[in-house]
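In what comes next, chain A is part of two complexes: it sits with chain B in the first one and with chain C in the second one.
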Partner chain A sequence: MHKLATREDLETTRQQHLLDRKKINKTIIICGGTGCTASRSQDVINAINQELLAQDMDSSVHLRVTGCHGFCEQGPIMVIEPGNIFYCHVTPDDAHDIVALTLRDGEIIERLLYTDPVSGIKIRTESEIPFYRAQDRQLLSRNREVNPCSIEDYIAVGGYTALVKVLDSLSPEEIIHEIKVSGLRGRGGGGFPTGRKWAECHEAPGDEKYVICNADEGDPGAYMDRCVLEGNPYLVLEGMMIGAYAVGATKGYIYVRNEYPLAVKHARLTVQQARKYGLLGEDILGSSFSFDVDVARGGGAFVCGESTALMASLEGKVGEPRPKDVHTVVDGLWHKPTTLNNVETWANVPSIILNGAKWFASKGTKGSKGTKILALTGRIKNTGLVEVAMGTPIRDVVFTIGGGAVDGKAIKAVQTGGPSGGCLPVDKFDLPVDFDVLYEAGSMVGSGGMVVMDESSCMVDVAKYFLTFLQDESCGMCVSCRLGIDRMLEIITDITEGRGTLEQLDLLEELADTVTQTSLCGLGKTAANPVLSTLRYFREEYEAHINEKRCPAGVCKALIEYSIDPEKCTGCGRCKQACIHGAISGEKKEPHVIDPELCQKCGICRSECKHEAIQVK
Partner chain B sequence: MNLSKLEYILKGRSSQPHQLIEVLQDVQESYGYIPEQAMREISKTLGVPLIEVYRVASFYKAFKLKPSGKYVITICNGTACHVRGSQLLLDQAISQLGIQPGEVTEDGLFSIECVNCLGACALGPIASENGSYHHHMTPAKLRKYIESIHREEKEEVKHAQAGYERRPGDYAAAASPR
Partner chain C sequence: MLHYVTVNIDGATIKAPKGSSVLEVAIEYGICIPHLCHVPGLSDIGACRLCIVENVTNGRSQVTTSCTLKVQEGMVIRTNTERIKRLRHNIAELLVAEAPNSRAIQDIAVRCGVKKVRYPFRNNNCVLCGRCVRACAEIWHANAIGFVGRGKNRHVERPLNMREEFCKQCDYCIQLCPMTIPPCDGPMKPGEEYLCGKCESQLMITEEVPDSCAWCRLGEGFNCGRYAGLKAVG
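Right, the complex of A and B next:
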């Protein structure tokens, strides 16, 4: 590895790596992202490596371990090129066949193909799978092109060409203009126009400026930033470099959640490699642009996703927000002008520079441009990371890409935007993924979490869940947030435990309004959203808890009872054996019964029963 | 406590108050928690008042002020895991081990952590043991899993003389995939 002194050096290096790549025409791409790693993809990778050696194929096949491909539910997954052959749920025992049959002879292994849950048909290639076909994967598709630990891979596929374009031919003002025209808005949740942010920071007085990449993805149920930073950290860094050049910053920080060890590792490695190549440091690629980046680990506080709290944390302090009378673009980190953007926002920058603002703005709606990565999870068939053009109806995401409900249950709602967002009922599923439209509907796009709920999810419990989360995460500075969330949670707890009254619902709405109006930061201002949106769309569930002392979804423990359906029970005895509370009795091959006095509602019997005989009412 | 690791962590960071969180991260990683003595040393070296060191250490979730058990059972309670029943997993761990989240069992073997999101939402509910993830967990699977660690621990005591040693994390293979 040598330092790249000029733009020509970069181009020469690229050509070399491209030649190296072309020498080997077979590539096996295995996902090493967090999801597939949890499904033991490392064992698969080791086994494939061994087989390649054993079958003397190691020099004719290129094994590329990449970041997340998105279809985590099917992990460990792999794609074999050429041919775009997609294998899922691969185990180490399959390695021999994959090398011997598919890689050597080009034969397809039927048992490893993906079966479409809707049609039941086995699908051969990645591009034909409905989950992928309905997406517009501008960012995510690039994960599979690079090994996230190899800067050479990134350079080979055109990495840093946007940076070169900027250094060669664009002034900071021209870049900012381009970003403004593209209509790019912050992907972290706020949806603030990125170009405007950059312009204000560029115009702010001062020689010392900073750029920050916010990778403190604290939203529960969201992991897109993790996958972009883990899977293609170079892209994020290139975006930051362009941003730094535009606003006039010489120093940047990647603030990444410590709960994401792989993202921390890859971000650090990227910075090290970029420094060695001279892509970070003084006079980058022979220009007068100097820039360096440090990786800082977050301490695990949701409030640090808020820009001023994040900056306090970077300064080594407690992550408490401060008033933003003067914006952080003027008075930010160490009181210097600072541009803070989210991982996905930075990752969008290089392609806007390369393909032009018009290309980016051609996708999406009037107010929301480009594509958005969504973490599609919860009670649906195909869970994973999806990327769609802004404006795509929620219905398409949940049903076409997500494949619809599981276990024959009816889908009831989708929760978008994390703890600051809200729950939207099925009859709102025609709404598009659009910053402004979802906000109007009482929710938000947020960072892109999309948790699908069906009739087995209790909406009062969901509101309680978010309040518990927010109570825990409130920094405690504002009285209204600290105490308001506490009081709201008390009321909701009363309702879920059968002590609620209808008058409490009015009080709940009043409290929600006060917390929203009088909190300082985004966390407090939006803390009431999960309560307000569930009250707005699912009031009948609250009323069932209050009036009938009943939890329609069978979730709230104080209001439910476990029983065994004698029609379905085969008397196998699994539940009886599993119950640690001794609450189940019955003779072999005869229907069993649960003693409600002894039952602790722990759910073990239900997860053990093979016949779905355990009922919760 | 072994001070040499702390000295190594603090090397080159003297009088740099903004390094506080990074230093605490390293101490947490090396010692498994933030010992009081370490906070006193950090305060002196970085030039940060002790109360501020304590304030930061107690504010952020990443820092533990007490040692954890040998096996940290972490239950993810992110939204996606929650709608797939993670609360039942937490209840299971609490009732089986007889401790609350943040506590350690008397024998020092287990502690329970409840976290807001481990970021593997598509595979929920997730439980992890010392950082190794187990997906699509059920209360029954978790119970068997904790039992298996208990069993192995007992065997390890038996095999101790034979020089048999097992590291945390080896249980990865024990949890049955879906």
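Right, the complex of A and C next:
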């Protein structure tokens, strides 16, 4: 490894690595992202390595451990090139067959292929899988091309060409113009036009400026940023370098939450390797541009994803937001002009510079351009990370990519944007993934979380869940957020426990509006969204809780009662055995009964019963 | 040399020193904006949200706290619109439900038009306005107390709950605390919290002009910026 002093050096290195790559034509790509690691992909990697050695194939096959492929539910995932063969749920025991059959003889192992849950057909290649086929994977598809721990890999696949283009031929103004024309908007949740942010920071007076990559992703069920930072940290870094060049910053920070150990590790390794190669430091690639990056770890506070709280945390203070009457692009980190963008936003920058603003703007809608990564989770068949062009209807994401509901239940709603977003009912599923349209509908694209709920979810309970989360995570500084969320939760708890009144519902709406308008930071300003959107679209559920003291989905414990249908009960005794509270009694082969006094409504009997005899009312 | 900017607050054109906050300028000019966490001379954090105003730019108005908003040339501020009154009422209601036995908080609630509280009373001893914390840190540089915890668990505490020796025993925190002001003769007893409304007469003003400072007795209790300013001058 040597320092790349000039742009020609970079090109020579690239050609060298490309030649090295060409020598080996077979590649086995195994996902080493957090999802697959959790399903023991490291064991698979070790087993494959051993088998390659044992079968004397280690020199003719290239094993690449990459970041997340997106289809985390099927992990560990493996793709074999050439052939684009896709194996899922791979175990270490499969290693011998994979090396002996597929890699040596090109034979396909049927049992490891993916079975489409909708049609039941086994699918051979990655590109044919409906989950992948319906996506537009501009960022995610690059994860499988590189080993996130190897800068050589990134250089080989064309890394830093955007940076070279910027250093060679573009002025900061031209870059900002390009970003403006592309229509790129902040991917972290706010959707602020990135070009405008950069322009304001560029124009702000001061010699010392900063760029920050916000990887403090804390929404429940969302992990887009983790996946990008883990899987392709060099892309994020290159985006930051271009941004720093454009706004005139010499120092950058990657603020990543400590709960993402792999992302922290990869980000640190990236910075170290880039420094060694001279891609960070003084006079990068022979230009006059100097830039360095440090990786900072978050301390576990959700509110530190808010820009001013993040900066306070970086400064070593308590992570609390401050008023943004003067924007952070003028008065940010250490009161210096600061450009803060989300991981995904930074990752989009190099392709915009390389392919041009027009290419980026050709995807998407009028107000929202490009693609967006969504974390698709909940009660659907295919869960994982999906990337779609902006403007794709929610219906396509949930049904075409997600494969529809599980267990034959009907899908009721989708919660988009995490705790700051809202719930959209199924009749709004034709709405596109678009910053402005979803905001109008009372939700938001947010960072991209998408939790699908079916008829077994109680919307009042969902609102309660998010309020509990936010009550915990609010910094507690300002009255409207701290007390407002607290009181909203108090009212909703009353409703779910059967003490609610219709007057409280009006109070809840008024309070939600007050919290939205008067809170200090983004957390408080959007905290009422789960309440407001569920009130807007599922008011009848709230009213059922209040007027009829009934929970339509059978979730709120205070309002439901378990009973056994004597027609369906066969008296098998499974429920009686399973009940840890001793609430079920009955003779063998006779219908059983539940004692409501003893029943704790845990639902264990219901999941044990094979005859669907347990009713919830 | 002091630089001045011209701002418009509630229709009045005011020449204000650059760098001062909208709240300070308004109080100086005799426009009443209710506030709690603001103390003249201490930094502002915008915690109590009572001093919210509408900042009108290009026909769009934005709700923000006036204590943290610095005056700028040509700024148009509305302190007492229907929207602000409603929001302020709701915030004061949240506050008074938290500490109904504090006279300072009751005075504020009365000023903001809270007659009935729709939440169960809680009778807490602290509303986390942060006056004490900032006074301790900024006037005496003692840092003997600070905020600990997050969200619902946030409270004021000594460092590690033990380092008493940092305290210089200036008592300033006690003087500034809205909870230590002696309660009025109203019927407030722990367990019987409600608003008696007797102090409404202290407003001495009619509903039509609540935006101008009438030197009502309500501000005296909790060191309203105008009284405090007077004290500093006197």
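Remarks
Keep this in mind: the second predicted complex is superposed on the first by the 566 of 617 C-alpha atoms of A that agree within 3 Å, B and C clash if a C-alpha of one lies under 4 Å from a C-alpha of the other, contacts with A are read in each partner's own complex, and residues count from 1 in each chain.
We take it that a contact is a pair of C-beta atoms (placed from the backbone, for glycine too) under 8 Å apart; a residue touches a chain by one contact, two chains touch by 3 or more.
Bear in mind the structure is a predicted one, so any value in this text is a computation, not a measurement.
Of the two partner chains, chain C is the only one touched by A:325; chain B is not. In the superposition on chain A, no contact is made by A:399 with either chain B or chain C.
Of the two partner chains placed by superposition, only chain C is touched by A:478; chain B is not.
Of the two partner chains placed by the overlay, only chain C lies in contact with A:510; chain B stays clear of it. Of the two partner chains placed by superposition, A:542 touches none, neither chain B nor chain C.
Look at A:490: by the touch rule set out above, it reaches chain C but stays clear of chain B.
The partner of chain A that touches more of its residues, comparing chain B with chain C, is B.
Of the two partner chains placed around the shared chain by superposition, chain B and chain C are both touched by A:301.
Shared contact residues of chain A with chain B and chain C: 301, 318, 472-473, 475. The residues of chain B lying in touch with chain A in their complex are 17-22, 24-25, 48, 52, 55-56, 59-63, 77-80, 82-85, 88, 91-92, 95-96, 115-124, 126, 131, 133-135, 138-141, 143, 172, 177. For chain A in complex with chain B, the residues that touch the partner chain are 34-35, 37-40, 72-73, 75, 217-223, 226, 258-261, 296-302, 313-319, 375-379, 383-385, 415, 418, 449, 451, 453, 457, 462, 465-466, 469, 472-473, 475, 578, 580, 600, 602-604, 607-608. Taken in their complex, chain C has these residues touching chain A: 45-50, 52, 63-65, 68-70, 86-87, 90-91, 94-95, 97-98, 118-120, 127-128, 130, 147, 149-154. The touching residues of chain A, when paired with chain C in their complex, are 301, 303, 318, 322-323, 325-326, 471-480, 482-484, 486-487, 490, 503, 507, 510-511, 514, 517-520.
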